[in-house]
Amino acid sequence: MNYEAVIGLEVHVQIKTHSKVFTRVVAGYGHEPNTLTDPVVLALPGTLPVMNKAALDAIIKAGLLLGCEIAPVCKWDRKQYFYPDSPKNYQISQYDQPICIGGSVEIELPGAARNIMGEHRKIPLTRIHLEEDVGKLNHHVADSLVDYNRAGTPLMEIVSEPAMHTAEEAYAYLTSIRHTMIYGGISDCDMEKGQLRCDANISIRPVGETKLGTKVELKNLNSISYVRDGIAHEIKRQLAVVAAGGKLIQETRDYDGQTGTSQSLRSKEMAHDYRYFPDPDLMPVQVDAAWKEKLRAECPELPFDKQRRFLRDYQVPYTITSVLIPERELSDFFEASAKLAGPGRAQAVGNWIANDLLRELSAAKLPLAAAKITPASLAELVGLIEAGTLLNAAAKEVFAAMFVTGEAPAAVVARLGLAAAPSDAGELEAWCRDSIAANPKALAEFKAGKDSAINAFKGPVMKAGKGKANPKLVDETLRRLLAGA
Amino acid sequence: MAAPSDLNIDRVAELSRLALTAEEKVRFSAQLGSVLGHIEQLSKIDVTGIEPTAHAFPLHNIWAADVARPGLAVADALRNAPAQRENMIVVPKVME
Amino acid sequence: MSVPLHFQSIAELSAHLAARRISSVELTQAVIARTKAVEARVHAFNSFDEPDALAQAAASDSRRAGGQSCGALDGIPIGLKDVIAVSGQPLTASSKMLANFVSPYNATVTESLQSAGAVLHGRLNCDEFAMGSSTENSAFGPAHNPWDLTRTPGGSSGGSAAALASGSAIATLGSDTGGSIRQPAALCSLVGLKPTYGLISRFGLIAYASSLDQIGPFARTVEDAAIVLGAIAGHDPRDSTSFKTEIPDYRAELKLRRGPWKLGIPKEYFGAGLDPEVGAAVEKAIAYYRALGCEIREVSLPHTRYCLDAYYVIATAEASSNLARYDGIRYGHRSKDAKDVLDVYQKSRAEGFGDEVKRRIILGTYVLSSGYYDAYYLRAQKVRTLIRQDFLNAYREVDALITPTSPIPAFKLGEKSADPLAMYLCDIYTIGVNLAGLPALSLPCGFTAGGLPIGLQLIGQPFREADLLATAHAYEQAHDWHTKFPSL
């Protein structure tokens, strides 16, 4: 019998705000333990939550970007369970009235080759809701230590329909969410910092069956490649169990990305009963059309839409767009530079960014924002090359100098004397005359109609010009002289 | 509505994280049985079409701007901690 | 001065302070001396910090000397129920769970009183986590009624009532979830006000039932209650349930708002279970209002009989959740026997909570548990809508309602402690007000033949405390119950 896997993902995304979701102490990562707390975060007796407007804006924006319906009214519920990382022993969340309903995530599956765009699909979403993050446990040999810095960070949970079938799809789904959230300025989605986390619900069923099989929840998929590997591993495991005549049990499994194995979390923990009820300390949220439209106006173009536009409007190769698109600033840099460079030069701009600029930034360990090269200076550089004023080899040198000093390319060219054309046009003409005179054989061939014979005259000219002669000008001069010869 | 005898004291104590003695279980079950017996009255009212009241004076969109403020100094945050080390709260080892 | 300082009103004492007849330090010393003299018998306090109180009093005196006095409360010793946070002071909720807890922050009402110049004096005894009607649920032992030390001062804010009635404070704050200010006020011959839900910030008030809890003053007179209310009322951005509303000068309004009022007598509040002496005293008060020219009309609150049930579902459900944070992890009692985290929870909570708290947590957990939510919690919230509607309907006909505060006067300590349901029935006249979110106050309206105080409850309209206080003031002006003090 043939089986197919059915995968649903629960993705948690930390929202980038200055303060926490229900109190105004600083939200952040990488601070000394328990330095980002206040009486509300620690759930001291008598404390009360107050919503963070920016977190609401962010989740509504996320919903708009993913095509969700934004609920006109939503409320807050307490999800109750005891755990040392949860200061109140309930989490403020949204149970039956989430703020975003439905929607979908567009994904791209791997293409036939690296330079060929893969198939696109839309993965439907169930809902997105807002909740608060918990603290962090640090496990030691004999005990555990709790740090509440993370507790109360705004967290949205994006729940997909069980509509994916392969680990590749899940990987593509998470990648797409990541790019979209980064574009929207909603989250930095750094998985190492726990800003993006993923749990997967995985089951298998015979092909053609419509009912879902026994679901296994896979936890701790805490890097984007662990998501792919962990899911692939779990599907294989389930197929093996069934192939061996075994029966799958509903369980939660913990994936260890280091060893590529998973194990059942057979904790003796009691069965959950979250006892959700509306949080009496908070009031409902009403989202009206004006609020929604204001946020919609702030929504950026989605990454895949931008990619399609780059392919269409700038004729850049797919491989270049795949480098540019994931980072909004990089793609914006490209577009600004391509516009300034003018028609027909976008591909060159894209190449410089994808190859040289990224290489230099990575070597210097700098973000794009710190680059001294601007869209305008890059466009100018490409213009000089296209005009023949600058040779490719010299251009690399100019680019390197621009990267370090931030000078305009023309200034670098002048300072380093890298201009292609000699200063004296009469000098160039003299070199050309000398070269034609020195090679009667090539002259005869050219006159006989062999156009490529012209190349034989160019070497001595370039040599005479010590490599700085503008090849375009050399070609023109030679042709003019040959025509008169 | 459920009958008062539905009160499964073991299960509810477990959910409440209260270690009750056998004597407490018997006593509380009896006492809460009579309270629940009284509460059964609620089932007699017709509440069809009645909206629940979560707040006597409902408001909406009560929030604050995202302006961060300094919080507690670590010493104040941990001042009441039963056990601490390295500026963190110590708990018995948690098995994940 | 025939009445000792510790029995005088804020209005009188603030006049003495303003006229420099006394200093705040002298007043505070007098109150502390009185506290020390009676506390062993009354047990109104969980703790008090004499040097801290005297330092606050000295600060008040120097403000006054510098011409910077803040108003009527400046220099007046006020006690807070031990569920209201004061930075640097213990905050125990009368629970073993928080026996060693020191608050690192202030409640909003604490800051309000501090900026009004009040001298905060003492952490007042109460039922554990404000759950109870007798203060017998305090882990530190019950408070005693100053009018009869063998009896309860009521609860849960029993310490707030007992301290004020015994002269150990000039005014106090309590909290009222189902009658916890009004019932002790009635049992101790005091004015006790439960403001409209949302008028006073709950930030820094240990939560029992979040949708019902409200802080309010205990005072010797209606005027004093108006003064304290004015200091603590108002919107607080730290409490999302706090209401933005104009705060009038409650004290000034007492003289401006004169009846006659249309007063409603809810017939359901005068049935079986009402002590005849209490009933008679309330009838006499009603007769007084009639004589004053008020129109008295019988009204019906048909869902009254369901108040107790709706209350015990909603309040315990919220409490079971609010008290989950007391787990022995970040603060509070941690069991010495805990071997693992589950043990920390189960044993710390078993050791740290008293019986009544445990009972309510169990009840609340049960009514929220899977399969029971709709039958209990959701249904109770719908019944709450009906109860609220009853009151709003009545207010189409009348300005305020008059009822007894408590069906019985102060009962003997120990009398009801074995029977939770009998104890719960003490609150039948006060609970509906919390469910409907209304303001209500209790004021003295007489004594039983045995010398026990009787309280009259006036229930007002939302955010119209000024009218409610004026209505009470009209009665108080013509009676002298507030001039009587227990002999201790």
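The letters A, B and C name the chains in turn, as written, and every chain counts its residues from 1.
In the analysis below, a residue touches a chain if its C-beta (ideal position, glycine included) is under 8 Å from a C-beta of that chain, and two chains touch if they have at least 3 such contacts.
These numbers come from a predicted model, not from an experiment.
Chain B has the C-alpha centroid lying closest to the overall centroid of all protein C-alpha atoms shown. Judged by contacting C-beta pairs, the busier of the interfaces B-C and A-C is B-C. Put simply, the C-alpha centre of chain A and that of chain B have 42 angstrom between them.
Here the spacing of chain B and chain C, counted between their Cα centres, is 23 Å.
Each chain gets a centre from the mean of its Cα atoms; for chain A and chain C, those two points are 57 Å apart. Multi-chain contact residues of chain B, defined as those touching 2 or more other chains: 15, 17, 54-55, 59, 62-64, 72, 77, 89, 91-94. In chain A, the residues that touch at least two other chains are 39, 42, 50-51, 82, 84, 146, 148, 273, 275, 280, 282-283. Across the assembly, chain C contributes 101, 104-105, 211, 237, 240-241, 320, 324, 327, 329-331, 341, 345, 365, 369 as residues in contact with two or more other chains. Interface of chain C with chain A (complex): residues 83-85, 91, 93, 98, 101, 103-105, 107, 202-207, 209-211, 237-241, 317-318, 320-321, 324-327, 329-331, 341, 345, 365, 368-370, 373, 377. In the complex of the two chains, the chain B residues touching chain C come out as 1-2, 6-7, 9, 11-13, 15-20, 24, 28, 31-32, 34-36, 38-39, 41-43, 45, 47, 50-57, 59, 62-64, 72, 76-77, 79-83, 89, 91-94.
Interface residues of chain A, counted against chain B in their complex, comprise 17-19, 24-27, 32-39, 41-42, 50-56, 73, 75, 82, 84, 137-148, 254, 265, 267, 270, 273, 275, 278, 280, 282-286.
Touching chain C in their complex are the following residues of chain A: 39, 42-51, 78, 80, 82, 84, 87-90, 146, 148, 273, 275-277, 280-283. Across the interface of their complex, chain A is touched by residues 14-15, 17, 54-55, 58-72, 74, 77-78, 85-96 of chain B.
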